[in-house]
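Given below, in the form of structure tokens, are the structures.
Shared between the two complexes below is chain A, which pairs with chain B and chain C, respectively.
Right after this comes the complex of A and B.
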């Protein structure tokens, strides 16, 4: 009986295949007839997230629920649900100008104006997103763990469906784990007002003649991982991943300004439209990304140090480095404080251009989306967590994320030299989580 | 691309074989590593939240997990 209690106490703590594998090994000491008679409760994680960008940009309120249960001996079901409510304004990609700029919104039935010198933000950004996922994890033989899953998400203009599988096998007395995963996704995009023809001009009110129908993309991900126990207090993980996307990878709501190559001023758009000239962006229809990821976790007398690094490179010309550090100060067994810092740096995609110049031949692909530009990102955060007397746990974290970037080389001509072509992005991330069900 | 993947598989298997000689933490010494805060992903919801935020604001995604996305935000 004592054995059973100890074993169940252990099982409740586990959250990853490694721990599951550890317990499976401990479990061998338990006679089969004693196992799995007791119903395990659902472990429930809930969270409320407020993501808020400054200057009236994107605001996201998000509710998440994740439930995990041991359905049968060492077989786990994971279910998750997330609801996002997005409002605010999103950069259209157009450059600021010394004059008032008017834009037709994506639906084509309204227009908005941007004051001189201001960043062009499309105020019609509004969406609700529902995402759900399910995952089944089970042992295969004595040393392997298989998990299979499916995901689904739906937005007003976007639907995602995906499946994934991962097989992990332990070696070396369970000190080493090798894993291999595959994920397939098929997403469909049904942009408001239709998907614009690449590099076609924005048209006046009510004219949708350069918009087309739905689009789609397929994404295939491969992930190969190695987890190694270094000693009783240290574990490391190395991953290599490859992600291949094919299909419509363009952002249907982003445009580029066409400006005079000498004065930097916007040039006239289609006759009778009353607009300056803005061209819808166009991206290649395939993208291959590769990344390597390394993680180290170490226990220091009950505190936990975590460091990770990721290098990513893709065939669009983007290279990025991401480094993260966390240190969890555990105060006894019931309270902790965890500072977090994240550094991110990326180079621009080959076709990233802050503006296009009038009279120059059109490139095959072009985007002024800041997320494809050269920038640095820094996140600073602090999290506090506390166990309740009933054994549940709540935590709260506050993080500040900032992006500082550069316009594409040679973009700051004439009047553009005095304007902010890559405004900083500042965002607050506040999240409150509550976990219960663990006895 | 396929070559890179084969290379990565080879490298990881070589590393696994190489590492198999160095560590020997027995099951009864896994008390620390079995702690929830020592798991590779100790807070799945926080991880999913961060993946979602950075996927929608940066040109990179994935690394520790799949980076496929499933969101019209990028």
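Right after this comes the complex of A and C.
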């Protein structure tokens, strides 16, 4: 890529005298014309990904197809289609207890029981998602590249529509690239059984009196990026991004347990429901996130080292650090092996609470969703890729993710002190990809 | 020799040690037959006249003149003028007298790299600057030879095209991979041309729609030497006697004439690692395979 852009002063321009000499040789009075156009193939990337959490939790089987084609004059069209099939059980947010706990499922037409000491997992987690995206990229002038895209995804209770645009401009002999991006999304949420009123109690079978209709949210993302070529072997990238979400940001399927502040035991729920007291979570209706990202990529005698770091902070009180390292060992030009390690750490949201205490005034916002808690995650992975003699490429990736987290401070009262309020999460990720060209 | 291909005709023959094809679209059998015959006759005429492997032709007369002046015909004079101009434009890298270096270099896939002494011994009989060319008289110092093979095939395509043009413009001439479309097929449809992979023989890695004009390819992945892990490509730099370093394995260039396309591709390979940068400096449309 660099070679293409380098201007070499010692290379003579001989096109015109050569054309004139050729005309003289062939006895032509005027030069003819040439019209040739490379017919670019669709570059097709297919993959099968399996994400599997331990203990029967979330399982995702994802099939994706991405097709990219170079059109006339360095324009590119990108299309992608992803199908996800999600099954398994998802944590409801309720704390474990020393007794059997019964829950009404989101539709309100069935109940399930959780044994003493067990994590409360809602077994009715099942969904199929279809996602599509299209992107068009074109040069603007000699130094800029514009890309615009649209995305759409649909699942049983959630629909996403989005548009995005990015403009990148090269400076400094193309050694520096500055880019600006904006993305707008509108998502609508139509939860199974309706969207619960925030901090309203879970009700008994068939009672949906505290559920409402569908909800929506808008997300606006801005990005400023700088890519700098340091030398022939090294490239660095810095991004700053701002993401603003407005609307319904609550997870309609998550609840919090209300427990006795001394014994830690669950307290009785609505009269006649036969349930303990669980309140639907409630989150603020806006969230502003800011993040900075730095990437270093360096070539070592044909191997490629990549290190990146991201810091994210939001107005919910969540701060996170992500550090990633990759090293690609290239064996000749057709095979490579790439180990990968990722460290992740985040603080809890201000309103994250493992449980609510009976008798205490209700906070404005509360969630026991572990994803908003304090936790660390480590991913270890290995990827192997090989090019076939016909120029296609397949790759296989295996990763292991392990996450450990902490309950909110002061939550482990009474009986809760002996229970695991933030169970570890382990997951395996296996992916097989095949890339090929098709005309 | 002539077969039906879709709405057109395909004629095949061998000339200049290569398979040759002539595609003619939208023509009756008699016209197609005449087009193929004209193209084949022209290819064989040029081969007979300029092949350095034939005895009794003009090149043989020049190469065996032992220092005497040889008077050449118009066509040969034009080719020699062209060779002289290419020598200038390439700063001595394109040299029709460099063929004698093949006595030392045999690119047969083996590891037989010649000795520096063997190469140095040949350099005194290489160099267009040592030749006296005053049209129509050419005088080569004794021991020197010329080889117009580097221009011949592309020149044959253009010459044949000029002859068939009055009969049909809906045709494509392909002489061993150097080709020219006189015009599109019926209805303006372009000709579909594949560029062969450098690693898998017969597999096309690039596909080009050629409406009008020429495509020529230089480089041959099957002609090289390999010694101690180092690959010696068959493109020799006549100023040193050694193969150029870092050249792409194949370069295809598009140009109005096959000769111009072929010369740009050859001159690019002679630039070694700068081949692509050279072609960009010329504003050429090209495809390089490394």
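The working rule: the second predicted complex is superposed on the first by the 401 of 439 C-alpha atoms of A that agree within 3 Å, B and C clash if a C-alpha of one lies under 4 Å from a C-alpha of the other, contacts with A are read in each partner's own complex, and residues count from 1 in each chain.
Methods note: a residue touches a chain if its C-beta (ideal position, glycine included) is under 8 Å from a C-beta of that chain, and two chains touch if they have at least 3 such contacts.
Quick caveat: nothing in here was measured; it's all calculated off a predicted structure.
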Touching partner for A:209 - first (chain B), second (chain C), both, neither | neither
If you stack the two complexes on chain A, which partner ends up touching A:232: first (chain B), second (chain C), both, or neither?
-> first
Of the partners chain B and chain C, which touch A:41 in the superposed model: first, second, both, neither?
-> second
In the superposed arrangement, which partner chain does A:390 touch: chain B (first), chain C (second), both, or neither?
-> second
Which partner does A:308 contact after superposing on A: first (chain B), second (chain C), both, neither?
-> first
In the overlay, work out which of chain B or chain C sits against more residues of chain A.
-> B
Could you look at A:299 and tell me whether it touches chain B, chain C, both or neither (first, second, both, neither)?
-> first
Do chain B and chain C touch any of the same residues on chain A, and if so, which?
-> 13-15, 18-19, 22, 25-26
Chain A touches which residues of chain B in the complex?
-> 1, 4-5, 8-9, 11-13, 15-16, 19-20, 22-27, 29-30, 32-46, 48-49, 52-54, 57-72, 74
Tell me, which parts of chain C touch chain A in their complex?
-> 78-79, 81-82, 85-86, 89-91, 155, 158-159, 162, 190, 192, 197, 199-200, 203, 205-215, 254-257, 259-260, 263-264, 267, 271, 273-274, 276-278, 280-285, 287
Of all residues in chain A, which touch chain C in the complex?
-> 3-4, 6-8, 11-15, 17-19, 21-22, 24-28, 31-39, 41, 389-391, 439
Using the touch definition up top, name the residues of chain A that touch chain B in the complex.
-> 10, 13-16, 18-19, 22-23, 25-26, 45-47, 49, 51, 62, 64, 66, 80, 82, 127, 129, 131, 151, 153, 155, 157-158, 160, 162, 164, 171-176, 178, 181, 183, 185, 187, 189, 219, 221-233, 235, 237-244, 251, 288-293, 295, 297, 299, 304, 308, 310, 312, 314, 316, 318, 320, 322, 328, 330, 336, 344, 346, 349, 371-372, 377, 383, 395, 397, 401, 403, 425, 427, 429, 431, 433
